[in-house]
Amino acid sequence: MSVAFDEKVHKTLADANLQLAIYRATARLIDHRKHAVTAIALPDYQELRTQANALKRHTIEHLDHYLEEFESNVAAHGGKVIYCQDATEVADFVLGLAKERAAQLIVKSKSMTTEEIDLNERLEHHNLESVETDLGEYILQLAHQRPYHIVAPALHLTRYDVGDLFARTLGVANETVPEKQALIARGVLREKFLAADIGITGANFLVADSGAVVLVENEGNARLTTSAPRIHIAVAGIEKLIPRAQDLAVFLKLLGRSATGQALTVYTSFLSGPRRAGEIDGPEEFYVVLLDNGRTKLLADSGKRESLYCIRCGACLNHCPVYRKIGGHSFPWVYSGPIGAIITPQFMGIEHEPSLPFASSLCGACAEVCPVKIDIPRVLLELRAEVKQAEERGGKNRLERLAFKIWAWVMCHPRLYEMAAMVAASVAPSENGKWLRSAPAVMNLPPVRAWLSQRDLPPAPAKSFRELWRKR
Amino acid sequence: MAQRVSIFVTCIVDQLFPKVGLAMADVLERLGYQVDFPEDQTCCGQPAFNTGYRAEACQVARHFLKVFRDSEYVVIPSGSCTSMIAHHFHDLFPGDTRAQRAADDLTPRVWEFSKFVLEVAGVDDVGAQLEDVVTYHDSCHALREFGIRDGPRRLLANVRGLELREMDSAEECCGFGGTFSVKFPEISGGMAGTKIDSIVRTGAKTVVSLDSSCLMQIQGALARAALPVRTMHLAEVLASR
Amino acid sequence: MSREAILNKVRTALGRSNGQAIAEPPPVRMRVDAMDAETRVASMMRAVEALAGKARRAATGEEARAYVAAVLDGKTAVASNAPFLRECGIVHLAGAQSGFTDAAELRAACAVADVGITSADYALADTGTLVMLASPAEARLISLLPPVHIAVVPKERVLSGLDELLTILPHPAEQTSSMVLITGPSRTADIEQILVRGVHGPGEIHVVVVE
């Protein structure tokens, strides 16, 4: 268990204000989603989930085909696809293009993929100004912080935090009314949109049959990012593909509702290529960066490949009782919550944070709300088995392994099991189990007793069930 | 000749909450079943499986399959153990088709207790009586893996003298999660705290659930907070007269 | 080359060969609601209002014009080149500039205009959505830069919903580089989950449906 993870968890649990902020924000999103997927609001909800899962499965299983189809259609509409293996290649491409075009200012709309590759940091080292334009992301950029949540990136900050931040970084008066804070940001960012040379976005979906990038948002910053500057670069993981424009009839219905309870977000943009002949405005150049950065690794693992189905709605975060306690910043990578817990070990290797797959009670709330039906608990269980296999190979955690070996052996020998239970019962005082806290969990006791080591217990029963049953 | 049912009481009930097993047997007998307790039973293997020790879980699962091979019904006072057997046994035997077949064969024969009462016995009123104000906690596995939600509430509604009050986060996890509560006691405790706050808001005197592990977790948190609320397994409520 | 490297990794991961055929993708069942025109319009209006937009029915183009004039009320506006707007006499309203074909001029005008006036290619009744395809008739920035957006739409363009849109327009990319679905005024809840309208896009929208 890493010290860093433990410390971050502890810090978050100890911060009462933060606990309240996380709980309230997620409670609101839970409620919104609930009302958006009732039998009346969306009668086909379960069928849509099944369809979405089937579509993602099909696309992922034939990803090479769809990548090529997408690429061909982007080109047909005057755009260009750039394949990038990692963060460096993306940065090199953007920097190269910026240099060629003498670009100095970039505006960006919200993209977890660009967070994943630290794009802003990489660009800033080259005298290229890259400004986040989503209000929450803009705030975080000024504060030099990572997003707290996929959909509500600044949920951990208060209006007073924002007021202080703006006063400090923008030199404005300390304003604490959210509407006015938004106006301040709007003013600053408007100038940036109109002066920017390049607009960089992510992509919610890549549509293979259209060579199109689909962007879903509420503020309008993605539209501005893709309409005002003369160059648009969309950076997207290769898993974002869907086969046809029609498939949006399934995905768009699920994304907004699962994320924020909206039937449709305020703006949904379907962008294919630079402006066409006759169109009055829009970018003159259109690029789609298709990013690997480890996704082909996940692809190769058929047992966990479904992790790539994710459409980044954030519903699993909202419903996860663990996320709701530890928040987004406790997680070791940019992706937090249940989806973060399953993709982080796959991207980074299980040694990166070996306790992460265990930081779940496997309650299944995530799987219940996932619009594309990723069986997150099943993947967590597979990852746990992998962690233990790795420990065995590395000779780690020998005592725990031995305890379970003995435990299994005992459980396969009923008479031994009865004896062990009786011995343990006679040794444990029948008063509260406080003594157990000092006993290491790996002692030769049934694991049940190990689980009890942190709690105030009722007195241990004098007789086990089987003893009582025999007397019945 | 009364229908025979086997009971798998689970290791936690066997060792820590034997009354739950007895209560379940009482109810089953009252419903006209002859209850058989195969003495060689031990555990379903879930502790090892959840912790990532599949080989060990596999051994224990094999033993389980042997013990219950001939049981027409295996009734279990736990959603999580039933889920382990019904949903995970198959995957413990990769490449061993015989064992997989045995696991698949067992799946339709294992029944979480409340589901058995409602769907096999076909009864939603077992003639129970208990004067109390209770609230019901939805155990995660029962709820999400088996869709068990309305069933226990119907059973509780028919208990004479019983008032059932819904808590506002009945479906939220209590924070036990087996190995999770040992490895992440602070988070687990935090989740339990949220649960008992919800319980307290109902004013109920008793929390009912169909998983002893949840009840143990909740009871532990209630006791630590010195709250005068007790926990009862659904079987114990239904056995009350 | 990264392209080859990535595609090879993908194929290897999936056990597929270069150019290998694929099965048909799973069919998507389009659920097109058989709503009559009246129901559609009523639903559209209700949905727009529910999003804090303003919805108005106009029996004639003239009535639509009068409504737009009232909203303009002396403010400056940029109107798109949509023929329907010309039919309604809206492009010649006082304070409204129209007929832009140059990107820079359009942008400059939109950046200072109080109101953007457009038509729409379609509207979606169940969600109160305007569907705008970029074209010589409709520039992107008119419905985006000014803080107020008015859309004047003929009744027959109101569809039942997204499924119908994707049924009649299965290949938007063949028509335009940009199809945007606009559902209500711009909003954010990024600061303490408090709803604020008009962050970047228009904070006020009006939808006029004309008989």
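Each chain gets a letter, A, B and C, in the order it is written, and its residues are counted from 1.
We adopt the following convention: contacts are C-beta pairs under 8 Å (C-beta built on N, C-alpha and C of every residue); 3 or more make two chains touch, one makes a residue touch a chain.
Just so you know, these numbers come straight off a predicted model, no measurement behind them.
Peer 1: Count the touching C-beta pairs: is A-B or A-C ahead?
Peer 2: Spelling it out, more C-beta pairs touch across A-C than across the other pair.
Peer 1: Using mean Cα positions as chain centres, tell me which chain lies farthest from subunit B.
Peer 2: Most remote chain from subunit B, centroid-wise, comes out as C.
Peer 1: Could you tell me the distance, in whole angstrom, between the mean C-alpha positions of subunit B and subunit C?
Peer 2: That gives a centre separation of 53 Å.
Peer 1: Just the number, please: Cα centre separation of subunit A and subunit B in whole Å.
Peer 2: The answer is 32 Å.
Peer 1: Just how far, in Å, is the C-alpha centre of subunit C from the one of subunit A?
Peer 2: So the centroids are 30 Å from each other.
Peer 1: Spell out the residues on subunit C that touch subunit A in their complex, using ranges where they run on.
Peer 2: 2-3, 5-7, 9-14, 16, 18, 20, 22-23, 25-26, 28-31, 81, 100-103, 106-107, 111, 126-127, 129, 134-136, 139-141, 144-145, 162-163, 166-167, 170-173, 176-194, 196, 198-202
Peer 1: Which of the residues in subunit B end up touching subunit A in this complex?
Peer 2: Going through subunit B, the ones touching subunit A are 9, 11-19, 21-22, 25, 37, 39-43, 45, 47-54, 56-57, 59-60, 62-63, 88, 140-141, 144-145, 171-173, 175-191, 194, 213, 216-217, 219-221, 223-224.
Peer 1: Can you list the subunit A residues touching subunit B in their complex?
Peer 2: Result: residues 1, 9-10, 13, 321-322, 325-326, 355, 358-365, 367-368, 381, 384-389, 400-401, 404-405, 407-412, 414, 417, 421, 425, 441, 446-458, 460-461, 463-469, 472 of subunit A touch subunit B.
Peer 1: Of all residues in subunit A, which touch subunit C in the complex?
Peer 2: 21, 24-25, 28, 44, 47, 51, 54-55, 58-59, 61-65, 67-68, 73, 77-78, 83-85, 89, 133-136, 139, 152-155, 157-159, 162, 178-179, 181-182, 185-186, 189-190, 193-194, 207, 209-212, 218-221, 223-224, 226-228, 238, 243-250, 252-253, 262-276, 278-282, 286, 290, 292, 296-297, 299-300
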